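Note that chain A is present in both complexes that follow, paired respectively with chain B and with chain C.
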Partner chain A sequence: MIISKKNRVFYFIIFLLPALLLYCTFFVFPLLQGIRFSFTDWNGIVPEIPFSLSKEQFENDVIKQLQAQEEVEFLRNYYQLDHSGQYYRLQNWIEENGTNRKLNDRERKKIKRVLKSVGISPINYIGLANFREMFADQRFIPRFERKYLFNEFDPLPLTLTVEEFRNNLLNHIENQDDQAFLLSNYIYNESKAAYQLIEQELSFAEDERLRLLLSENLYAQRLELGVIGFTLFFTVFNVFFSNILALLLALVLDQKMRMRNILRSMFFLPNVISLVIVAYIWSFMFRLIFPRITGISIWLGSPELAKYAVLLVTIWQGCGYLMIIYLAGLQTIPPELIEAAEVDGASWLQKLFRIKLPLLVPSFTICLFYSLAHSLKHFDGIFALTGGGPGYATTNIVIDIYKNAFLQNRYGYATAKAILLCLIIIIITGTQLYLMKKKEVEL
Partner chain B sequence: MKKFLLTGVVMVLLLVMLGGFSLFAAEQVEIELFYYKQEIVDQMEEMAQLFSSQYPDITVKLTLIPNDSMVVLRTRMAGGDAPDIIQLQAYSAVFEFAEAGWLEDITDQPVLAQVMEGATNSVRYNGRIYALPMDLAGIGIIYNKDIFKQYNLTPPTTFRELRYVCSELKKNQVTPFAALFRANWSLGHFISMAHTTLAGDKLMPWLERMNQGQGSFADPVDPKELFRLIDFYKANASANAAEMDWNEQQAEFAAGQAAMMIQGLWSYGAAIGTNPALNCGFIPFPVNDNPADTKLFADVDSTFAIASTSSPAKKKAAKLFLEWLSTPEAIRMWVEECKLVPTFQGADVSKMDAPFQDLVSYMNQGKTNPWAFAMYPVAVFEDACKNGAQEYLFGLKSAEDVINYIDQTWQREIK
Partner chain C sequence: MSIKGLKLNQFPGIESNSLKSRKFALNLLQIVMIIIALLFLFPAYLVLINSFKDNSQIILNPLSLPASFDFSNYINAWRETNFPAVFLNTLLITVLSTTGIIVVSSMAAYILVRTRNKISWLLYLFFVFNMIVPFQTIMIPLNITATSLNLKNVYGIIPIYIGLLCPLAVFMYHGFIKTVPAQIEESAAIDGASIFQIFFQVVFPILKPVHATVAIINVLWIWNDFLLPLIILPSRSTIQLAQYIFFGMFRQEFSLAMASLILSASPVILFYLLMQKQIIKGVAAGAIKG
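Let's look at the complex of A and B:
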């Protein structure tokens, strides 16, 4: 159908213009606002015009600095000394003709402008300081840390292997006396190739000293992923495993079999449930069922295992959705191609690698894009499962932003991180789309 | 067709306008009360109704935001829409909003004359009072009297006695402490409680020095002594405490599997709700072997503040509401139905359960320490203390690391 020019204008006004306007109000404008805040030290609660100014500040820094008498009177209208006589407070409600009304936007803007002209604005621009701080932040970047292995009030370890003893304990002690004391209490046993705690009873003081020595010096090296590290770890594994699993499920459920539709809905079901509920169900599972199956009793509360636990839940929840996309992709493959291959005597594997997978590349593009973007900005599941803990073990960049902004009152800093995240997502998904689009084949 | 449509539109518009006018016509004032204490939902409804029946032209609209109430509040304020009456945690929450100018100065309100002496410290910012202190709460050891009786134990008053109690309980296969280590907030309370109790009289001068940018978290205490208390707590909690959250902790304690829990008194309500036969007492956590240092970590918990941005009519109504809260019937509801310890002088608390009586008796004897964590800068408690204590407990950080982290955060916050 050929669309006339008039029609085109009509459709533009009816459909595109509102969409464009909505896009600007709800995306472009907040984004620009966000970029602006990322250069400030805003703490999130200070209003744009100060609600109260101390008497000295108002009289010395504002009134005396202002040149125009008109502006002085304007401000005096809105800032009045309160009954304590110490503060000038903004009159948020103005009495006019017997009724009260709220300050309007025009007045607010003017107050803001006048105050700014004398250098009073609650929100200060600090340039790139937020971005610089991010990379100096010890929580942000991966680094090596220590893992302390002994609690003073627990029973003393009876044996330590030679390696453990030397690397995790003896080499950390510099004091000669302490070393000798330790070696007199842990004796090398050649038959077991391990150091053993001596059997005779220790005196109270000796026991205390040995415990303190161990609790301070028995530690191993560990890699702390940091917020960026965890985000990447989570993204890589989540994208990889949820796509593999979804593809396998799709291939299986594409076969002709009984209960196919029921199985498809079952695998998709986790995606329908809210992630918060999923998290509550799984935290029961981790507490009550997993210990029985695996013999490991601590999952979500363990700094090492919590990251795998949240990964598991996210993969379980997310792969159903990807499976549907792969299934749809598989069903668009014309059956005659497969039949022709079968006539030619192609094996199942050959069909898979020569026909199905190449024709599935558009689905890969979508699924990879979807899972990449979603894992990079995943929030609700982790938040409901662990809240980013223990410590910072499962804090990804979005949870970090949330903590910075809402728990620590650092809006400016949090916004800067959000801008960085936005850039990371755009770059990674953009590259992925560009590369994948080149690989797609047309039938 | 078109005619119908037109009349329809006109009708709807008329209706809307009529509705609008009728709202304006009555001089009803509706004030919004924003609160976070989820344990008193029904009670707050009841109080709001009682208040409205006495002041028919004022209605109180209740907004409950149980978790993350500060997040919601901050976003609402960022949008310029503050609730008229705001329930805030004492100290830093009040201070931060007062500093930003969001709270009405209520220093001259007559209701404050009825508040207990000392309670207003938690709401005074630069010499002016910005909120009405409402309830007192304590953090300490809630213990199961029946289990203690069964094994012939007396409530400990020193750390040595506590160690003895724990070892006796362990010998009898009873977990000493029901604990939650999966979430970090309880450990945040614990480290601040231990630190404050160890610091004793040195607390306030130390806080002042910290806020001037001098000094360190380790100054008023011996760090070894402080951090071994965390080790001690961990060693005497149940083996899967790291997997437990508040609900599980309450369940373990209520079922009598553990003899004690280190918690705020607000948890008592949940435990007694699960097991009404529970017989509990409330004692301070002893940090050293000097019984005189063993004081209860207790202070003002929640307060009511009025937003400075509300209209004059709403402010007036809100002040009436605060005034009404100090009337005998409101106090009676606060005590008997909300089960909260009021801050008003001479309030009758004789009908409250034993742990509350314990709290009040420690208060009356003056054997309490203030909630220092509420006076730390927000990020210091929320991030450095809570996460630091949790990471120390899991062996991820050494004591020095935690202290350095707290000091660095403090330095950054006061800048």
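Let's look at the complex of A and C:
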């Protein structure tokens, strides 16, 4: 081209600048900020100035350090001793000329500057404490939890199956005396293959002792998924089922049917509707239609079923997209190949497993990558359908981050979780791409 | 192969018979698929028929057809969600952001392809890096950036969308421009066209197929986006947010909720029905390149 070198640099910058500028402002800068925040205990409510300062801190560290009287006056205006007399609190509302108004930006900046000059800033670096807290959090990681099966005030269970008796009760008792006592009261009944409560009347003391023993020791170990566990559960099931369903649909709709285009459009339709609307369509289904069909009245309110409900909705919405990718992959298979196989007398199954599936490996790579990444960070559908509930049953990492950040005002902690999520996604999808790309080359 | 060929020639009747049975099987499969597809869309159908009933009818018998086509639910939902304003907001955000993405990222991709040196390659990688970082990682700091730049409004979200979604578009344009030979541009340059003229009058029209793909992917994405508007925009600014708030308020009022669902899904469904072919093609192309 007939452009001088200097001009070339100039145009390079001019053409690139808009994209680069916006990208850096709204992606790179926040990402770096996020990494920084993940090491702090920042709460996010008051972006730059502390909400409250203890009395000693305010008087010793701030007021005494400040040189200019004007600055002291200025601060005293905004920080006032609260009713307990322990803390100076920031006054978010300022009375001026008889009306209340909110603190404005200029005042906030000046407070920040004055406080910074004496070394006070609300953002404290706490190192890896956020990450440590995450893994100590009971709700976050999968764990075993005891679920007690007998209440002290209920009538004693008359029979217990062998498995229940051994695993849930006997194995939990260490004391030999107690074991013997228990076995003397629950007799093994061979015809029922169960342990039965003896029929004779128990004395009050014996009854009491048996109740106490059962209420303390009759429990099942149950796996609580926690936030991480639910995220993985959701990801595994969603990736598996939506890919299987999408592949089946693609294989069938690749046949020469008259209505295949209409059918494809129908299966793809849920994908163009937003997940919020999809979630509400299904919340109506789960609340009014499903109870009629299945006889189970509570779907979204039950910790067990809500998980599967969320899964169903996500698969319903997402499989059309994957189907399109598989269809595009099937169309790249040269028809001569299939015809040659047919002439050679290959059966339908042979064609599928020997030709179509191996040639679909690139589509598998894309679909798995897409569904893995999207299930790990799925938000809209679950948030609109259950809001992460009941309890924490359907809270995945992203909803947890959202709750931490915007409902509990723990920005630092939430960003630390987001960084963790980022690492999880990079590791999982990176491994998947690496493994699948190797497969593709081999072919 | 030769044996099979021989067979075909010797018994032509068998072949036509098996063709017939194959056709029959295909037709049967088609009918089965139609039934499955109808079941698949059954929830949407239920929402549609229930949007014409009143609340007690829905709770009593959600499966029955409405007794009459009563549009009062729609009128109420239209008013309650403030639909025209919300619709215009969403449209404005979607159209302006998508246009911005197309212009900004085709320019960037063009200059990155046509400048062959290490810096342009590194910058390309720098853009592509975005695709592996989930949005959730940056959403909290982004919220602060938006606050300090005073962008927490309908117009402010547009540059944010452009910044966040341009990497994928840059990636797609980059892949396409690489296959476009530079001769045309060179001859235009000899004719005395400036680089801006070359780009906007020569290259930009050539990129039409990529424009279509980028536009479709981004329109669907931005129109349906929920999380970014949820943290950036005031409540009830876009269709998705209005729907979210509305549903929270009228949790028990099924009739209103159903009508508002149909109302808020209809623009995008209409868009889909009109552009079906391009959408399916665009989505497939986008996925394979992404």
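By definition in this document, the second predicted complex is superposed on the first by the 268 of 443 C-alpha atoms of A that agree within 3 Å, B and C clash if a C-alpha of one lies under 4 Å from a C-alpha of the other, contacts with A are read in each partner's own complex, and residues count from 1 in each chain.
As a working rule, a residue touches a chain if its C-beta (ideal position, glycine included) is under 8 Å from a C-beta of that chain, and two chains touch if they have at least 3 such contacts.
Just so we're clear, the structure is a prediction, and the values are computed from it rather than from any experiment.
Comparing chain C and chain B on the residues of chain A they touch gives the larger count to C.
Shared-chain residue A:Ile281: touches chain C; no touch with chain B. Of the two partner chains placed by superposition, only chain C is touched by A:Phe15; chain B is not. Contact with chain B, but none with chain C, is seen for A:Leu300 once the two complexes are overlaid on the shared chain. Contacts of A:Phe27 after superposition: chain C is touched, whereas chain B is not reached.
Of the two partner chains, neither chain B nor chain C is touched by A:Ser184. When both complexes are overlaid on chain A, the residue A:Arg258 reaches chain C alone and has no touch with chain B. In the superposition on chain A, A:Thr161 makes contact with neither chain B nor chain C. Contacts of A:Phe406 after superposition on the shared chain: both chain B and chain C are touched.
For the contact definition in use here, the residues of chain A common to its chain B contact set and its chain C contact set are 44, 47, 283, 406.
Those residues of chain C whose C-beta lies close enough to touch chain A in the complex are 1, 4-5, 26, 29-30, 33-34, 37, 40-41, 43-44, 46-47, 50, 58-59, 62-63, 103-105, 107-108, 110-112, 115, 120, 123, 127, 130, 132-142, 144-145, 147-149, 159-160, 162-164, 166-167, 170, 185-186, 189-190, 195, 199, 220, 223-227, 231, 239-240, 243-244, 247, 254, 257-258, 261, 264-265, 268-269, 271-272, 276, 279-280, 283-285, 287-288, 290. Interface residues of chain A, counted against chain C in their complex, comprise 1-3, 8, 11-12, 15-16, 18-20, 22-27, 29-31, 33-34, 37, 44, 47, 252-253, 255-260, 263-270, 272-277, 280-285, 288-289, 292, 316, 321, 324-325, 327-328, 343-345, 366, 370, 373, 376-377, 379-380, 383-384, 397-398, 401-402, 405-406, 411, 414-415, 418-419, 421-422, 425-426, 429-430. By the touch rule above, chain B contacts chain A in their complex via residues 68, 70-71, 74, 77-78, 80, 96-97, 100-102, 105, 107-108, 126-128, 181-184, 224, 228, 231-232, 234-236, 239-245, 248, 308-309, 311-313, 378-379, 382-383, 387, 390-391, 394-398, 405.
Within the complex, the chain A residues that touch chain B are 44-47, 50-52, 82-84, 86-87, 89-90, 92-93, 100, 102, 122, 138, 145-149, 151-154, 212, 215-216, 219, 222, 224, 283, 286-287, 291, 297-303, 386-387, 389-393, 403, 406-410.
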